[in-house]
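Before we start, here is the structure in question, set down as structure tokens.
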Amino acid sequence: GDSTTTSAPTSTAAANGGLEKTEIKVVGLPAIDTAALYVAIDQKLFEKEGLKVTPQIVQSSPEAIPMLLNGEIDAMFGNYVSMFQAHDQGALKLRILAEGSRAAPDSLSVMALPDSPIRSAKDLEGKTINVNVLHNFQELALTQVLKANNVDPKKIKYVQVTFQNIMPAWQKGQIDAAYLGEPMVTAATSQMGARKILDPASGPAAEFPISGYVSTQEWYEKNPNTAAAFQRALHAAAKMMESNRELVVDVLPNFTQIEKATAATVTFPYFSSSDNPVRLQRVADWMVEAGWLGKDIDVASLMSPTTSG
Amino acid sequence: MTRLGGALLRWPLLIVLVILWEVATRAAGSAFFPPPSTIVTRMHALWFSGPPGRLFLTDQAVADILPSLGRMAGGLAGGATAGILLGLALGLSSRAYDYLDGVLQFLRAIPPPALVTVFLVVFGFGMRMQLAFIMFSIIWPVLLNTADGARAVEPLYLETGRAFRLSRRERVLRIVLPAALPKVFAGLRLALSLSLIVTVFAELLPGTTNGIGFQLTVAYSMFNLPAMWAGIVLLGVLGYLLNEVFLVVERRVLGWHHARETAGA
Amino acid sequence: MTGALAFAALVEIAGRAGLAEFLPPASEILQRAAALLFDEGFRAHAGTSVLAWAIGLAVAALVAVPLGVLFGSVPVIDAATRAIVEFLRPIPSVALIPLVALLIGTGLQLRVTLVIYAAVWPILYNTMYGLRGVDPVARESLRSYGFGRLSVLWWVSLPSAAPFIMTGFRLATGVALILTVSTEIVAGRGEGIGVFIYFAGIAVPARMDDILAGVVWVGLFGVVVNALLVAAERRLFRWHHTRVGGGS
Amino acid sequence: MLEIENLTHIYGGGGPSAHHAIDQLNLSVAEGELLCIVGPSGCGKSTLLRSIAGLITPTGGRIKVDGELVRQTPDNLAVVFQDYSRSLFPWMSVADNVALPLRRKNMDKKRRREAAAEALESVGLSGAGRKYPFQLSGGMQQRVAIARALAYRPTLMLMDEPFGSVDAQTREDLEDLVLKVRGHHKMTIVLITHDIDESVYVGDRVVVLSKAPAHVVADLQVDLPSPRDQINTREHPDFVHLRAEVGRLVRGQPVAH
Amino acid sequence: MLEIENLTHIYGGGGPSAHHAIDQLNLSVAEGELLCIVGPSGCGKSTLLRSIAGLITPTGGRIKVDGELVRQTPDNLAVVFQDYSRSLFPWMSVADNVALPLRRKNMDKKRRREAAAEALESVGLSGAGRKYPFQLSGGMQQRVAIARALAYRPTLMLMDEPFGSVDAQTREDLEDLVLKVRGHHKMTIVLITHDIDESVYVGDRVVVLSKAPAHVVADLQVDLPSPRDQINTREHPDFVHLRAEVGRLVRGQPVAH
């Protein structure tokens, strides 16, 4: 889109004058989706913008909201569904600083064990499927895909299963099919011979936006230039990552439990190198459709124009 | 103190605090701290706006509250029984103490959330896992206090029992247990509120689909803060009510203890 | 000791029998636990947890004993506050995490606050019930010498209730430990055994050996603390233990 | 020194299990006097003592000590409880038990310890100070309780069957000890006993109570020569006469239920 | 019935705080005999009783009851403890306290209750069955403990100063009660008392113990006419003689420390 210069001299000048805040704390998640933040640090992209970013990892994004509110941190990485809900409920006035990740084909997967009778999407009706958190993006996307496949989404039973318990629960037959993300998709395929039944990031939910970097409206208004610089660095990182998998593979062990060897084989999500209100609006609209939001959200009004090249 | 006097004392402080809370939360206007009036309205809408024939309980109330109470009751009964039995064994038999104490002290320190996978593998989803989880958590105050009580029985009580050659079973049942009962009740009272807490924890376990704890987490994960607060307040109210019932039972069972204590004074 | 060995053997068999293909046998867990001892990162985690535990526990004891005395000896206060206390008690700390985090931040203070909140109760209630069990004749005999309420409390009620208060404290040490680690598992930042356990859990495949090795250390810590406290009790309350004797 | 007017006490407050223990009891004790109280078992003697000590609030009547209404425990009072073994603190050594009340007396630690040792010696327990109460025999525990009261040097001493658990010889020694201490330190003493000989031997006056609810049946002046002497006094014709009289009076009050 | 050979007991096992309570004590009691034990306070009487009851394991010597070595409590034995108030269970009504040991006796509930009521009546407490021990006076509690032992109908009854807390009249009644029960039910009784008159009045034999460590100083046969009678027996010249003798022997044993 609308580009400004990203050359080093200008940024340095911004650091001297334009930035309201040069040291910021950002919370990420121990998941591949946060990789851009670490690549940006690794590649000194923040530095180029005159920013010093201290990353911090939390277990799940809702936990970081109190931190955002009481000023412990400046920005956080969170999934849109949670963030929109928080915004809708008035828990925070959301400001999206930069898009983060979108579902890539095969980065999410509904899978069945080799000897399971489940063979097609239709077989999922009446079955129990795990999700990490109920009423979140996993359900949202799958609902759309199921509908497109002529499966009644209401006939799926979702149970919330924490990460480490998915495999045991699955193998002990507590869930019929597993809704997995990377790196578990790769692991389940190679180690357990699990079969993919459905890609939740396909059809209507293709390239489904999962999470982004957010802060509060208040913070944004106080620090517009810092926010812009932050966005630029992240977009720049995403750009680099598009063409260079190794960058991601290198940083993963820093904040996830994924080892280098595994990292090399997993499917990454898409990292957004620009912000696009249109695709994000889709998430909000689906949420309204699911009854998860009290009122419509105009996503564009929460976002800034992409300032990166 | 008369019942009436007690009631007169009990409510003013609470009412004042609630009013203060209302004022403070209104002033602060934080979504995380909705005013009590909002919470109560939400509680009413969620649970207590049902038909009169059903004691005003809504379907949601039946879905949330009853399963939780059931789990709690089951876990409490099991945990308390196990706690009393093990506590007696530990307090009375040095052999049992030698064999069990180390293991029990070890288990006592273990945070149940770290063992969810183990519980899952051993018990599977659902009621069995939840009950095991609750029992495992609430057994300790009952166990330790019972053991303490059993160990500290007035020696002359025991000697009297032995002198009259009461069987071991009778000595335990008629002397040790009643003598330890005041302490057992302290443990039970702790276990009671703990069982509510742990029930909520248990309802976060994989595979749960109903209960107050489930409602509470879903509410929070969707940032429905008034609903979350409604859950918190509901727990508080339940805890208070259960405790009142508990005290009635305690006054009956430990009548001799209280009467002796206040005699003459 | 025998019991511990038997227990370990049981876990070993369970693990080996593949009762649980996700549970490693005891020998592996113990090996891993031993290895962790030399792992600097783990030691840092452990240090943070112990710190939160110790602070929380200490504050809880300092708050709970006087409160227990107050509730136990002034029925009016007990009656006036009971509704509030009993209302607060069953509120699970998980539900409080976001609220406390918002109010006071998420660092050590969050864990400490939640530990205090949970560890106060056993000490408080054992103090209350312990005071109630004091022999009235003993209290009267000091009263008859003109000692006031506070002196009677200090010289008779507290010493007499002390062993039971100590049991409450021992309970609290366990509760505090559980709360420290659990809070870390749910919402820990940076360091702590719970954080260690959490991250072991999200590895693919989950590092059950790490989780259980962490658990072993938590459990052992609990055993050691309990043993120390029991030893202290035996010394402090020698009168109690020699008189009532008992199995232990 | 001590005045009791229309004292009434009902246990269990009017309920179905109410027990009328004391009924309209009147009594007064002069300063320095040693009053013995005898009466059937369960008649209300201990209740009377507890009321004087301010440990229970009688349901009727009033008690004055030194002209002041007893609302709480009067100053400078010591009680030897009937249930002596429970009145000792098991967590303290015997010496500490005896020394503890002296904390009220502005004594430093050393003097407290000396006073305790002295009192223990006077009751024949000089070696027992470092033991714990449970390591003593019943009679020894009773003597510790007596020593505690004596060490305190009260102006009013209430003793509830204080010599019931000691042998005859010790009992006589303790009787004489109480008489001696009373003379030295101007104590007023109220002593409950079941031993009629004892009541006449140590008492300046003997009050006989009725069966429950207790009231005063007889109030006998004992005019035996002082100092009393275990052999001569007991052979004194007045002694023989009085003890027979008290015996008759007590026996006239069959036991309470 | 009861044979004690070289009984020795040392408390506190050889440590610095060890206490030598009984030393080489020999004693035997025939079936149906009523043996009284007197001795200075703290000499070791209660220790002796506890050993017979199998409640403590003496450090030396042996005790046989009915020809069998005492390892644990012998069958059909009842004890009235010196510390009666602590030997009653506060959570049980008085009647339940008395009835509890009868569970060993294959009695149904009704008969247990009757036996308890009867025993309570015999000690003058017919109305007190439904009360709790703490609602009774000291002397009443002591009588409950006696009633409990009596209701049990033991073949060997051990009584540790059982009448110390009751008034003179009640004491005499209880003495006679014990004598009567003994006659009816062929009990062997060992009774510790500090009342020398009592020991001679109720005893078939009186054993005088030395000060600690206790051993037998004298073993006196009491040959007074049966049935005993509170007035005539006490006036009997042998009674007067014996009590003087026992008194002298006890006084010859100054108090233990």
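The chains carry the letters A, B, C, D and E, assigned in the order they are written, with residues numbered from 1 in each.
The criterion applied here is as follows: a contact is a pair of C-beta atoms (placed from the backbone, for glycine too) under 8 Å apart; a residue touches a chain by one contact, two chains touch by 3 or more.
In this text the structure is predicted, and so the values were computed from the model without any measurement.
Where the contacts of chain A and chain E overlap, which chains show up?
B
Which chains share more C-beta contacts than any other pair?
So the chains sharing the most C-beta contacts are B-C.
By how many degrees does chain D turn when fitted onto chain E using C-alpha atoms, rounded in steps of 5?
That pair's rotation angle lands at 180 degrees.
Can you give the whole-Å distance between the Cα centres of chain B and chain C?
Result: the chain centres lie 17 Å from each other.
What is the distance, in whole Å, between the centres of chain D and chain E, each centre taken as the mean of its C-alpha atoms?
The mean C-alpha positions of chain D and chain E differ by 26 Å.
Taking the mean of the CA coordinates per chain, how far is chain A from chain D in Å?
85
On a C-alpha centroid basis, what's the spacing between chain A and chain C, in Å?
Averaging C-alpha atoms per chain gives centres 38 Å apart.
Tell me, which residues of chain D touch at least two other chains?
Correct list: 11, 50, 55, 83, 86.
Chain A: which residues touch two or more other chains?
As it turns out, chain A has residues touching two or more other chains at 62, 65-66, 69, 162, 164, 168.
Among the residues of chain C, which are close enough to touch at least two other chains?
20, 22, 98-99, 102, 140, 185-186, 201, 206, 211, 240, 243
Could you pull out which chain C residues touch chain A in their complex?
Per the stated touch rule, the residues are 20-22, 97-99, 101-103, 105-106, 185-190, 198-207, 211.
Mind listing the chain B positions that touch chain C in their complex?
My answer: residues 1, 5-6, 9-14, 17, 30, 32-33, 90-103, 105-115, 117-118, 121-122, 140-141, 144-145, 148, 150-155, 182-183, 185-186, 189-190, 193-194, 196-198, 200-201, 204, 213, 216-217, 220, 228, 231-232, 235-240, 242-244, 257-258, 260-261, 263-265.
Could you please specify the touching residues of chain B with respect to chain E in the complex?
154, 156-157, 159-160, 162-167, 170, 174-175, 178-179, 181, 256-257, 259-260, 263
Which residues of chain E touch chain B once you look at their complex with the stated criterion?
On the chain E side, the touching residues are 50, 53-55, 72-73, 75, 77-79, 81, 83, 86-87, 89-92, 100-101, 103-104, 132, 134-135, 152.
Across the complex, what residues on chain D touch chain E?
Contact set of chain D toward chain E: 11-12, 17, 19, 38-46, 82-83, 85-86, 124-128, 131, 135-140, 143, 160-161, 164-171, 173, 194-196, 247, 250-251, 253-255, 257.
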